[in-house]
Each structure stands twice: as structure tokens, then as C-alpha cells.
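Read from first to last, the chains carry the letters A, B, C and D; within each, the first residue is number 1.
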């Protein structure tokens, strides 16, 4: 796809019929969680969309987010979205290496200043910048430098969005989220560990379609995907209402597909689209596969008192503190009773 | 995968969303009959339990018309046993379903020849005749 | 740390610590107060039995008294039963107790637990209005009574709202629910809510007191 | 009726003039408060602490209190009557006192003065509220502690204070002393009723009361007839014949102790194994339940109310009475002191049944009996009269509801109260004494 070509022209050039384009649009609208009635609007916008430049930076990450994206539906309608963007820098995917790669980044930044999208996966260690460097540049410096002229930033994955696993207690690298460093650019957090691939492409599609960032929730996540919690959209919700819970992973309830709340499911406090979009080409999602949601799209999900503790349970270390409290209370009780007794004893001898 | 199949997971699961969905279809049909616009329901946006999509398909049944089109992968447009209610399934070139819609309309838009394609057809035909 | 993390973690821990310190302090302190032996010759031989009997029999008034206190008596029962059903039979609550006690018990379907919770809430609001309007209640009501009512009502309101996914987002509502319960924990030892322990002791005591006189209390 | 209306009028007039006889107990406000607090410190035990810890302010006690029921005045809610004790306890003695001090106001002399009306005029410490409290709070004993603190603070109402002072200082009550007692003994001897007075040794010491000597001498006569009929080894003490204890009624603890110890000494002196208290509820409570605690040990005799004694003797077959029933119906008024604070539920009923009377019980009887409104020295306080009259009318209606031919009771205070308050309400229901009824119908 040439730089100045619109998407419509590009697809037509590829021999895609209008019918094919409409099909592409309705799949895209569905991907963006837009109502089917928005199809005409989407079609028109997409037909005229211009190809944006995208720079993808990977910091303290496991490449799971990239894997999630690239291993999903290739080649699919989403792949067309990828064709529709100009991925100018992605150190896992690009052919160039070393100085050439960095040069590509610099060129893209210069050529598309103020217009390019910056995608980040992984958290940024600020405890000691040397914990993670690329081409001798610390993640912190590279992020600042690249973000400076970006149109917007998409923080892909919980690490980039909220610090994620590296940020988990005790956070040895001092890992922080993109939004902890960059405060003057629009940031779209596409959280999840990894995020649902359709959500990543959905956000790109939205940008491609409307040239703007989608509506975000309080944590900077696209409301269309993160607007409702897993629990509300979970097909096992009726079991929750009926009080039918699996108590262990191999009991009758687990076999019958009952609610996993008591096994630590974080569905009620986790906002993501897993229950509708599902994973592996719409095959399933964790709860459907018999494991509670671990809340991976939420900040600090590693530190919520354990994946297998119900959310209504407390998160704390020991009961010893309570025994200590009982002992302290008893001592105070004895003390105050003795003081009162002494005072009463003194009063006994008197006439009135 | 026989070892997985032997795990006795019974799917007596119901999301409780099938009936409301069918009611929505009923209302959409009424609107259509009154001359109002058609309705498209994106099945991906509705939380469904395993097997429920198949159940919806079964409940709706198969009607007189079935069309297959090949545009960026196959798509199937099936009229259900309730005329006016269509089930549209889009797949990509790898035969993976990428979108599923219930359309309540006289005829799904996608089946009609599109204006842009018609114009393209004219030029192609002219080109053919000229040569 | 989010509000929910605070509520589930340090908030819970400290509120339980304060509750346990306060309750042990108060109950043990009262129990170790000056005991005065009654030297009079008891009419009954078995004061202990009288005490134990009173613990049971005080649960219902004599018929000739019942007609005077019907409203308080039955509303009291309704909301106590409703409240404890809600606390003890709602599955997420059982999971909470299990995390502290190490064991759980069977619960009721969630949508059924809503019924006692809603009834309890309605009765408590009614009792609160009565406190504000009835002449005797206004006269004897102290800040303690209002605070206790408000805290218990807030646990029910936040709990029901969290259950129904009303108001702010679920995790915020859940955190508020936790916090209201923690307030309740903290408030118990300092307030009349400590009657959850004293009712046994004082009923036993009045039972022995009257048993000595040969009267069934 | 053996009680002449002139005697009643005379007594009532005398009671009306009591206030003028009371010696002042003035003291600075600070001292009043200090003395009241001192009483609290001294008396509050674990048991009382339980009463002060457990209240949930449910208000049920008000609903069964005859003063509240009669007036609907919220100030008379029983639990509120000991509010100063509770406040003091919460600030000074409870384990969490340091916390409570932040919120609970200290008591002052106005609180004490306000309490005077609540605990003397509007409460007979009858204990009906004790029976309803879902927490099992001993409300009446705690209200009595309020009386003790007010007594120490010099805040006993004048009339009661006058009698208390008279008994403490002269040993007489309403002018009734050994001389008046001997006169009655002589009069009865003239009627052929012998009373052995001041025997050196006796098995049973029988007590009487100033009210008996003044008004109900038939009751003294009846007791003597019964004792003689039984052939008991009994005596009465001319020095110590009066069981009434105005120290107890007014909350004057030292005075109560003096009176009680005097009786215990008299009983010890004649080697009695039993002391019989006349038909007087408070005298029974003072001796039966407080006596041992005043003495510091269990005394070497048993204390019995005369109704208790009669009931037991009839039950044992030693005392036989005539069946006088013939369809005549009676209802029995349980004195709050005898039944609720004394446990004497069955004994008087044994006597009534032996007499063959048709006993028609009131709705509230036994442990939930409604107080007649005359207890705890209340008959003496003139300004409380209108209030007490209203409280009495509740009792009156319960009696009427039984449609019994007559009313029997075994407490002279109650009896006096029924007679005077009933007269005021134009309610002329016959009121009989159990002792007199039995004594007049002894089988040959």
C-alpha cells in the first residue's frame, strides 16, 4: 500500500469488490465493538482512510503481546488492518537490525512527526535504567524520545498499561507504566496479559477509521472493550445467582460448569471483553475452559491476594496478629478491671 | 484428542441470553412488517454459553434461501425458517468465522450488487467490448 | 493501592485487630470487675440452671407483656434473622469467613439472600424512623444508637448495591461494602453492638439473680 | 371492715404534714455530686456492670411500666431512670472508660435533681421491666442504686426523709413505738387474743409494722390467732416489733443496715429459728434478701413472709381452714416485692384454695403482676399522688376485668393503696388481707 493511497483505493487495487469491502467493514465494526448500524459510517471512513505510520517499542516484556497478535488469525481480515498500517519499527518483526533498525525508527519519526502512532509493550524500569536497554539507549530515554512527536500512544499489554508483572511486589526494577512517564500525549491502554488480539487490532482499526482515539474508561482503556466486567457478561453468571459454585477444580460443580467465584475468579472486578470476543478464534476463554479469571487486564493483578482466593476474602498474611490483638485486649481488660477494683476497694470502708 | 473428550464435562449451561435475543428478533420483525428499517444483531457482542450459538441456529431453522458468496473468504447468507430473519456468517480465507450476524430485513444488503461494483462492471464490460 | 486493595488488606486487618482488642478489653474487663457474693439463702438450689434457662426464655416475653412490645419484639427478630441470614448464608460471605476461619459451610442462592437483606434494610429504616419520631425512643436514643444503625444500614445498602451492580463500578462498591463492614467491626466493641456478647452474660446473670429468689426470669 | 375510715383519714392527714417535719439536708452541689458518685463506686459490682453494659435502647421497658403506660410520658422510660448511673459507669468504671470520656457527659447536680422525681415519684422499683428486658437487665435494682445515691446526696423527698430520719434517730415510725405496740397487745389480750411479748427464748420471732399498729391491728390479731392455733413457740419483741425499713425505702443504706441489724440481733437474742415478716413486701425484701448481706454472713434463722408461712403450714396439714367458698370468687393481687422480688407465687394461692374460694386470676399475675403503684415508700410522697393515682387505675382495671367478688392481697402497703386510691376513684371494691381471711376461718 502506497503512502498516499486511501484504504478504499488500496483494496480496490487488490481486486477486492465492494461486497468484499463491506464484509471487511462489518467485521471491522464488529471488531471495534461498534453496533452494526454504524456500518455505513465505518465503510465511508475506511474507504477514505490514509495509511498511518506505526512505531512499536518493546521494553520489559515477554513478547507475549506480540505473540498474541501475530499468532492469532493470520491471514485474516485483521491482517488487512496490518497491511493498512505502515509498521516502521518493531524489533521482533522487522527485518532490519542494529543501526539499520534504529535508523528506520529515526526516519519514521522525522517523516511523520506529530502523526505517527507509538505502540509500546512492556514496562519501563526507572529503578536503574540499565536493567533494560535497546541499542545502548535506556527504555526511559527511548520512550521519551519517541513519544515526543507521536500523535498518540497505544500501551499494549498490562506491563505497558499498568506496570504489569515487572511492577509486581516488590518491583525490583522499579518498573512503571507508560502513563507514569508520558503525561502530555493521549495514551490508550490496551491491557491484558496478553490483550485480546482483536482488541489490539480493533483499536488500530478505530484509529485508522476515525483518525482519532476511541472513548476511554477511567484507566485509559477503550470503553468499547473494557466497559463491562467479565462477571456481567459471563455465561456462568446464572450459576452465581443460583449459588452454584465449584469448590475445587475437580468436583461435581466444576464438571457441571458452575461458577468459579469461590475458586478465586476475578471476573467481577475485571474489565475486559473475554466473555464475548473470546480467544483462539472465538473458541473459548479462561472461565469457559474451567479456570477463574485472574484479572490480568487490571492494575496490580499479581498482588490481589492470590489467584485462587475469592475476591470477597481478605488479603492478608497471618492470623497471628489477631491472637496478638486478643492477648493485648485481655491484658488491657485485666489492667482496667484491677484499676477499677482498687478504686472501689478504697471506697468500701466509708459511712455512706 | 480422545483423552480430552473423556473428561466428563457436561454442558447444561445457559447464559439466559437466548430467549431475550429471540424476543429482540421478534420485535425487529414487527418493526420491519410496519415498514420501518431492518435490524442487524452482532452475535459476537452477546455473551453466549458453549453450544448456545448452535442452539439459536437450530431454533431459527433453515428457510428457503441460502446464498454463498466469495469475497475475501466465503460468506454464507441463510434465510431462517422465519422469513425476514437472516443468518449471515462471514469467514476469512482460512475458513475461520470472523463475524456472525442476525439480519432482520427483506434482503441482506450484501446480496445486492453494489453500485461501485456495477460501475466497475460497466467499465470492465466496455473494455471487453472495445478490445 | 486501590480502594479495594486497602479494604481487603490493611483495612480489614486493622479493623479486626481493633475489634478484637476492644472486645477482649471490654468483656474481660467487665468480667474481672468486682464480684459481690450474695449471702442470702437462695430459694432455689440450682442458680446455674436458672441462669442458663433465662438465656433461652428471655428470647420471648410472657404473653401479657408481649402485647405491649409486639412491634419491637418482632421487628427485632425479623431484622436479626434477616441480617444473620445475609451475613452467614451468602456464598461470597462464606468465602470471606473461610479465608479467616479456614472452613466454610453451605449457603443459599444469591438471589434468595437478597430477600432477607432487603427486608432487614426496610425494617432497620423503619426502626430508625421510629427512633426519630417515637417520644420514648427519642428520649432514650443516644448517638451510639444512631451510629450503630447507620453503620449497619450502610453495610446493607453497599452490599445490596454491589450485588445489583448499582452506583459506582463494582470494585468501588465492593470496597465501600468492605469498608462499611470494617467500620462495623471497629464500632462493635465501643458501642451497644457489644450486646452481641453481653446478651448472654447479662441474661445469665438476671437468670441467677431471680432464680435465687425462686422466680423464673 | 375492721379499718375505720377515721383512722385512714387521720393517717392521710398526718402523711400530708410529714414534709414540714423533715430536717433539711442541705449541702453544696459539689458535695451532692461527690457523694452520689461515691455510692456508685462503692456499689457497682460485676452484676450491676452487666446491667449498665448491655442496654440496646430498645424501649421495651417503657411499654410494660405502669407509670409510662398510664401517662405516656417518655421521661418515665425505666431505663432512663438510671441514666446518671450509666453515664457515671461509662466514664469512670467500664473497661473502655478512657474512650467513653470523649463522648459521655459527666453527671452534675441537675441530673441528680431531675432523677429525684423519676426514681421516687415515678418508680416503685416493682421490676416488671426486669421481666421484659430482652438483654436481661436488672432495671429495678439499678434504679434502687439511684435512690441510694440520691439519699447520700441528701435528695430524698421530704416526706420520706422525715420518716427515715424518725426511724433512724428515734427508732419509731409515724410515732409508733414500744408504748403503742404494748397498747395494742393489751387491747387484743382483752379480746382474748394472747400475744407472748419479749419471751427470752422462742422458736419463732413474729414481726409487725407501724402500719399494722396504726391501721390494721386485725392483721396483728389474725397472726396471733394463727400462731396460737398452731401452738407455736413464738414471741414478739416490744423493743423490736417493727419490720418496716424506711432506710431501704428511701435508699438510705446506712439506715437500712441499722434497722435490719436491730431485727437480726433481736432474733438472735431469743434464739429464733424463724422470723416471720408481716404482710409487708418491702420489709420482706429488706430482711430476706438484704439481711445476710448487711450482716456479712448468713443469719442463724430463716426469714418468712406471713403468707409464705401460712401457705406452708396449710400445705403440711398443720393448719386447717374452713371451706368458705360457696361460689364466692376472689382475685389475688401479687405484691411486686413478694412475688417478683420474693418468689412467693404459690403459697398465698394454697391458702385461698384451701378456703375453697374460686380464684379468678388477673391477666398480669405472678412474675408479671402490675404494681398497684403504692410500693417503695411512694404512699408518703404527696406531690406524686396524681401520678400514682393514674398508675393505680391500670391495676384497678385489671382487677375489674376478673369480675371477682373481692380482692385479696398480702401486703399492707398495697392494701392501704387500694383503699385510699380506690376511694379517690370511687372504686369501692372490697380489699381483704390474706392473714385476716385465714385467721377468721380457722377450722376447729
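In this section, a residue touches a chain if its C-beta (ideal position, glycine included) is under 8 Å from a C-beta of that chain, and two chains touch if they have at least 3 such contacts.
As the structure is a prediction and not an experimental result, all values here were calculated from the model.
Visitor: Taking each chain's centre as the average of its Cα atoms, which chain lies closest to the overall Cα centroid?
Guide: Closest chain centre to the overall C-alpha centroid: C.
Visitor: Comparing C-D against A-B, which pair counts more contacting C-beta pairs?
Guide: C-D
Visitor: If you average the Cα atoms per chain, which one ends up farthest from subunit C?
Guide: B
Visitor: When the centre of a chain is set as the mean of its C-alpha atoms, what distance in Å lies between subunit A and subunit B?
Guide: 31
Visitor: Based only on mean CA positions, could you tell me how far subunit C sits from subunit D in angstrom?
Guide: Distance between chain centres: 38 Å.
Visitor: With chain centres defined as C-alpha means, what is the inter-centre distance between subunit A and subunit C in Å?
Guide: Distance between chain centres: 42 Å.
Visitor: Averaged over CA atoms, how far is the centre of subunit B from the centre of subunit D? Could you give it in whole Å?
Guide: For subunit B versus subunit D, the centre distance works out to 93 Å.
Visitor: Give the residues of subunit B that touch two or more other chains, as numbers and ranges in rising order.
Guide: As it turns out, subunit B has no residue touching two or more other chains.
Visitor: Do you know which subunit C residues sit against two or more other chains?
Guide: 22, 25-26, 28-31, 33-34
Visitor: Check each residue of subunit A and list the ones that touch at least two other chains.
Guide: If we look for residues of subunit A contacting two or more partner chains, we find 332-333, 336-337, 340, 344.
Visitor: Hey, which chains are touching each other here?
Guide: Once each pair is checked, the touching ones are A-B, A-C, A-D, C-D.
Visitor: Which residues of subunit D touch subunit A once you look at their complex with the stated criterion?
Guide: Interface residues on subunit D, with respect to subunit A: 35, 38-39, 41-42, 44, 93, 95-97, 152, 253-254.
Visitor: Hey, which residues of subunit A end up touching subunit D in the complex?
Guide: Result: residues 332-333, 336-337, 340, 343-344, 347-348, 350-352 of subunit A touch subunit D.
Visitor: Which residues, counting only subunit A, touch subunit C once they are in their complex?
Guide: Those in contact with subunit C are residues 229, 231-232, 240-245, 261-262, 268-269, 299-300, 303-305, 309-316, 319, 321-322, 324-326, 328-330, 332-334, 336-338, 340-341, 344-345.
Visitor: Applying the document's contact rule, which stretches of subunit D touch subunit C when the two form their complex?
Guide: 44-47, 49-51, 53-60, 62-64, 68-69, 72, 74-75, 77, 79-80, 93-96, 99, 103, 128, 130-138, 141, 288-293, 295-298, 302, 339-345, 363-364, 367-368
Visitor: For subunit C, which residues count as touching subunit D in their complex?
Guide: These residues of subunit C touch subunit D: 22, 25-26, 28-31, 33-36, 38-41, 43, 54, 58-59, 61-62, 64-65, 68-69, 72-73, 76, 134-145, 189-190, 192, 194-195, 198-199, 201-207, 209-210, 213-217.
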